[in-house]
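Labels run A, B, C and D following the written order; every chain starts at residue 1.
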Amino acid sequence: DSGGTGSSGNAAAGAASPAANCAIATAADPGNSQPADGTPVAENAPKLAQKDTYRVAFSQNANNGAWRIAETQSMQDEAKRLGYQIQVTDAQNNQSKQIQDIRSLIAQKPDALFVAPMTEEIGTVIGEAKSAGIPVFLIDRTVSNAQAKAGTDYVTTIVSDFVQEGKRAAYAMAKATGGTGKVIALEGTTGSSSAVDRKKGFEDALKQCPGLELVATQDADNQRARAQDITESLLQANPDVTAVYAQGDDMAMGAIAAIRAAGKVPGKDILVVSGDGSKEALQSIVDGAMVANVECNPRFGPKAFEVMKQYAAGDEVPTKILNEDRLFDASNAAEFVSQAY
Amino acid sequence: MSAATADVATIGHRLALQRRGTVAVLVLVVLLASLRYGDAFYSGINLTSYFDDAVKYSLIALGMTFVIMTGGIDLSVGSVILLAGVAGGLASPHGAVVAVLVGVGTGAAVGAVNGLLIAHSRLEPFVVTLATLLWARGLGLQLADTQTVVYGTGTLQSLARDKIFGLTTGFWLMILLFVLAAVALKFTPWGRTVLAIGDSEESTALLGVPTRLPKFSVYLLSGALAGLAGVVLGSQTGSVSMDTGVGWELIAVAAVVVGGTLLTGGVGSIGGTLAGLLLLQVIFTIINFENGRGGIEINSYWQNVVRGAFLLVVVLLQTGVGRGRKKS
Amino acid sequence: MTDLATRPAAASVLRNTDWPSFIRRYGAAIVLALLVLFNIIFTDNFLDLRNILFVQLRQAAPTAIVALGMALVIATGGIDLSVGAVVALSGQVTAVFLLDGVPPLVALPIGILVGVAAGLFNGTLVSRFGIQPMIATLVLFTAGRGLAQVVTGGRIQTVNQPIVEFLGLGVIAGLPISVFSLIVITIAIVLVTRFTPAGTKLLAVGGNERAAGLVGIRTKRVKTMAYVVAGGLAGFVGLLELGRIQASDATNAGLNMELDAIAAVAVAGTTLAGGTFSPGRTIIGVLMLRLLQNTLVAHGIPREVAQIAQGLIIVAAIYLLRRSRDAR
Amino acid sequence: MTDTTPEGPLLEMRGVTKSFRGARALDDATMTVGRHQIRALIGQNGAGKSTLIKILTGVYRRDGGEVRLDGRPVDFRSTADAQKSGVVTIYQEVNLVPKLSVAENIFLGRFPRRRGLVDWATMRAGARDALATLSLDIDVTRPLGSYRVATQQMTAIARAVSLEARLLVLDEPTSSLAEREVETLFGVMRSLRDSGVSMVFVSHRMDELYEICEDVTVLRDGRTVAEESLASLNQYELVSKMLGRAAEQVASGARPAARPRQQAEPVLSVTNAASAPRLRDASIDVYAGQVQGVAGLLGSGRSELLRSVFGADPLDSGEIKVNGDRPSLRTPGEAIANRLAFLTEDRRAEGIVPHMSVRDNLTLALLPKLTRRGIVDRKRQRQIVTDYIARLGIKAQADQPIVELSGGNQQKVLLARWLATEPAVLLLDEPTRGIDVSAKAEILALVDKLAADGMGVLLVSSELEEVVSACDDVTVLRDGVSVARVSLDRLSEESLMAVMASGEAVPSSDVPQKDNADD
């Protein structure tokens, strides 16, 4: 299921009539992107023996915020379910600590190593795992091609397409606002690929909609309080803002609080579009405070271990596997809220 | 906060004892760990990664040792690592030498600004370097356009991975610099003057010894070493990400103090800093290993708690040692 | 000692005004006034009362309350790096209790008690065990946030309770709670330091601890009290922050607040060496730095550039203060 | 110096002015130092002696006036600068780096080197040699701070002497030295003079000036009021120039008539007090209405005795009675509550709170008593401060930071701090160290009066003359043990000296055992 709820998007509250100068205001949700045809399969990566049980390791880059916690939890739950032993390290948002973590994991020679890279540039250490004969599976972010080769240095990478997420957010916003208004955008952690890519997808798509004017963009570091402070300041300087795009749900919640504090009604005076798909966000769609949310599913566990088992069994595993993300809005939020993380 | 004259004799002994204590604890911890984790603990790759990881912290801790010996502090080193790492990375396409020069030069330049403001304009080190922490990071982000900066896979990276006697160049660089620094502290007029300034800057000046230049120089040195650390980091990991260096200044300060350098200046040890740093770092490694045992699952949140508790235990032991002596 | 009979003419008032101490006293206020002026002219709707009270002042109030505690600690010659972590810890503990159904009348005081306990811990390390304030408070700086994360499992948990909503959105006497509390706390601190012996004791301990001890002041207790008050205020701010985002956020609550507070105390013209305390100027320092930040945000300046500006302004401020301090 | 020394004075300072924040410290100060000459620089506390010296060496920038060395105008920017031109200074209060070794303190800034590196062996030998010229033989590798103040002062002198100065400036170098050390110093100064070095010597002890100096410059309120040959002035004329009033008005320092004990029981009684490491077994009684002296060589534990009585240092054993009771005296707070007061010997490190106002400094010990229902009575505080400023003739504004006061005035503020608590027993540790003659006379007169009014005073002083003239009874400490008591009838500097040195009681004087101390 590609989460294609596109056609029902018009149900968003208060949607104005589509402005003529906004090409995407009436377009359907572009949906998930598909992996390019002929994605190579992993051939030269270290092999994995087929066993009843495995000892695996997972290097998480920062175990905070609901999203990453859900991701870690999902990995741990799935390992437990399968009866595997799993060791988790937390790099606490520090690239070089993650490299050190991975090296110390390698030293303990797990059967397989899962890595949620802090940045794209931890590739060299992935190569070290290969030298040690340990197959590596990347999840939620990838590493730079220059440093580590997919299918050789690591088996595969299971990711979301962040550019596409940004694009889908722009479409959803265009639809909800009818293609006119002033927008402020709140970005996630400086330099992270999710922040960079979502921004790119969002801004590129917004170019097709000149009626939506991006009046301010600020880095809110995925922090709720910071997003709240910034939104307050921005709303004061730009009282005519009508929409907010928050790259992540925590920032969206901060923005909604700021909108309320400014005496305006979120979902009515100012429309909020966000990404991640947390329970809290879905609930606020149900409550009418948020108009749309592009999922970025943190529950990698089942998929990751399934891929690992396939690889051990000698099946062909493509070197890039795209996660399927859904678009939530008033039409379906209530249905999914209970399952959200 | 000058110590009473009568305490002076004990302070020296106390800190010397503390240094030995730090080394002893380090050895003990490593021994226990290798008993518990066996082969894996000291197997080649882990030792290498342990020391490699220590290099960058050790470089800023080394600079910090001299700064603290003058009674100052340099909170900006974490940001300087980022800035210089970025600058070095941008210069890396022009070759390893250029990258190193640019990185160290950038760090030295920031250090010089700190030094001028502190030594010449006599502003408080804590606040000056706190401000530098802000602007140097901002400048680094700006320079990198907030994107991770990649180091070209050239000489620099192979240099970082080359091994001499089984350990990487980074390790030997660290050892070399610490030996040089120890010699400089004990055997150069500069080193002695640095200590004198930390003891009493006013007295040093009234004794007719110029204080500005030595004071300036420690910040310059600290900046330059942080710059070097930035390039080393970049070449070891192939890139410098935007989160680099956040909070590292406090790791360095902790290492320096655990190593037996007096935070108020005047007494210090280079070897102690290295021991202190390796000790703090070994704790990280052990926590990771302990997680792997599956026995007690140390939630990563507990890591910070454990680190804080460990710091507490070390400093408490140290004061205990100091008190015990005083009574005898 | 101007003779009353010979009133100086305006020109000589200018000449005779003690400019150095004038700048020192009002430097931060002057910058603040300039910033306000800039905003009145260039920022839309700045002069709106709602903006002033509910955006500008409310955003500054938590940091200002923490900075008051920090100023007390700095007056004793110490420093407290742990306040940010304590803000997080107190907020998380309270949130968890509230979510467990503990009545607010119990849960909120517990949050403040957490802060008081943290202050007691810091104060004990500093005064009884003689550990350097920076290192002593580094322990909780590291472990405190870790504990906060342990308490909530690192999750952000929404706390939808009337009391939390009241803390965040409530209005007393036309003022947001945080602004109202800031005013009450400031008045209380001013009254206590002016009219009771506490203020003199504080400054005596910070100015010359040994002398203070010899006149019968219980220096350890005074120092401990400063940390306890700072901790208690941080604990209270933890509650305000909880109310502000209506959720617990162990990772980000109070993040970097200690540095903001220290910077504010410093730009207020207080030396970190101890012996001076000025609540009014501390608050002005916070307002100035906060307004600077908000001005940059409101005018769309990217964060990294804003950081550069902040760093430079801090340096400029303390440079001016120093110029005035020892012009000789 | 060769024979071809140019004519004219070595140093001329003319019309020097200097203000600190609007307050004149120097106003047309002049000083001329000839060649082969030791010149005394005297003046009351706060007259501007130290300021003049610091202006000479560039520590302070002068507001006006000129400085000529060898007839050429000079403008030193720092001590280092001055040293390069051969002007070496020992500043008031020991200014050294306590955590470094003695040897390093002597060679800081000019370490002997071998192949570019510090040559420790040569340095140690050099340091031993330098100290040997002052007849000092100590372990030069130990931190300087582990030695007592006098040794530190001698180290500073050794350093200065070894710098081969042309002009050596000594700002109160003898205030913490004992007589023997002063003699050693004078010996060195004489031989330096003979080898052509000129010196400026500051001291508040008149006899020292007459012993070592040829000429004198007298400063009064920042102005030079006399530059003459010492021989042409007698002590009274000199003092009257210093004070600007007739010398007769200066207290003569003659021994006052015996003061009667006002009670049979001692107000303070210390028995077998010991406090590691210096105080081993000291017993002493103080009676209301009398001044009880404590004499002893440097390091004999006099200060420790006072400190442990006051609760500033822990008492390991022994017994302390106040008015017959045995109160707990473990902290200064408890001591104050029992009406003890303690004026410390180290004004800077333990006395003043530098940036606090005179008012707050003066009432610091009184704070609990000034507090009514938790509120400080500011009005009463102001009254008390005004009162004491007037009574002790303190030259200061109440709201001035105390650092800005001259040493003597600071000392008076500290004395006032304790008098304001109306103590029953006043413990005075070197109360006149670094105090000018008139202030000293005033303070001693005050002590006399306090005793006459019924206070018990315990006085420690290294100046025997002071002990002899001020005390009714003196206990001699030696190596932390009270070895003898000398009472008024046989009190003389000679007899005291003999007891202090030998540790033997003068025949027929009382042994300080509690039982037979009653006479």
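Convention: a residue touches a chain if its C-beta (ideal position, glycine included) is under 8 Å from a C-beta of that chain, and two chains touch if they have at least 3 such contacts.
Chain identities (UniProt): B, C = ABC transporter permease; D = Sugar ABC transporter ATP-binding protein.
In this text the structure is predicted, and so the values were computed from the model without any measurement.
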Where chain B (ABC transporter permease) and chain D overlap in contact partners, by chain label: C
Gap in Å, rounded to a whole number, between the CA centres of chain C (ABC transporter permease) and chain B (ABC transporter permease): 29
Gap in Å, rounded to a whole number, between the CA centres of chain C (ABC transporter permease) and chain A: 37
Gap in Å, rounded to a whole number, between the CA centres of chain D and chain A: 74
Interchain centroid distance [CA atoms averaged], chain C (ABC transporter permease)/chain D, Å: 43
Multi-partner residues of chain D (at least 2 other chains): 349
Interface hub residues of chain B (ABC transporter permease), defined as touching at least two other chains: 4, 141, 146, 301, 303-304
Per-residue multi-chain contacts in chain C (ABC transporter permease), two or more chains: 149, 153-154, 210, 303-304
Chain pairs that touch, as defined at the top of this document: A-B, A-C, B-C, B-D, C-D
Partner chain B (ABC transporter permease), residues of chain C (ABC transporter permease) touching it in the complex: 77, 79, 81, 125, 129-132, 134-136, 138-147, 149-150, 153-154, 209-210, 259, 262-263, 266, 271-273, 303-312, 314-315, 318-319, 322, 326
Chain A-facing residues of chain B (ABC transporter permease), complex: 40-41, 43, 45-46, 48-50, 52-53, 56, 141, 144, 146-148, 150, 153, 157, 233, 236-244, 246, 284-285, 288-289, 291-292, 294, 300-301, 303-304
Chain C (ABC transporter permease) residues within the chain A interface of the complex: 43-46, 48, 50-51, 54-55, 59, 149, 153-156, 158, 168-169, 241, 244-247, 249-253, 255, 294, 297-300, 302-304
Of all residues in chain A, those that touch chain C (ABC transporter permease) in their complex: 63-66, 69, 190, 215-219, 221, 223-226, 228-230, 232-234, 236-239, 250, 253-254, 257, 260-263, 280
For the chain B (ABC transporter permease) and chain D complex, residues of the former touching the latter: 2-9, 11-12, 183, 186-189, 192-193, 195-196, 199-200, 202-210, 266-267
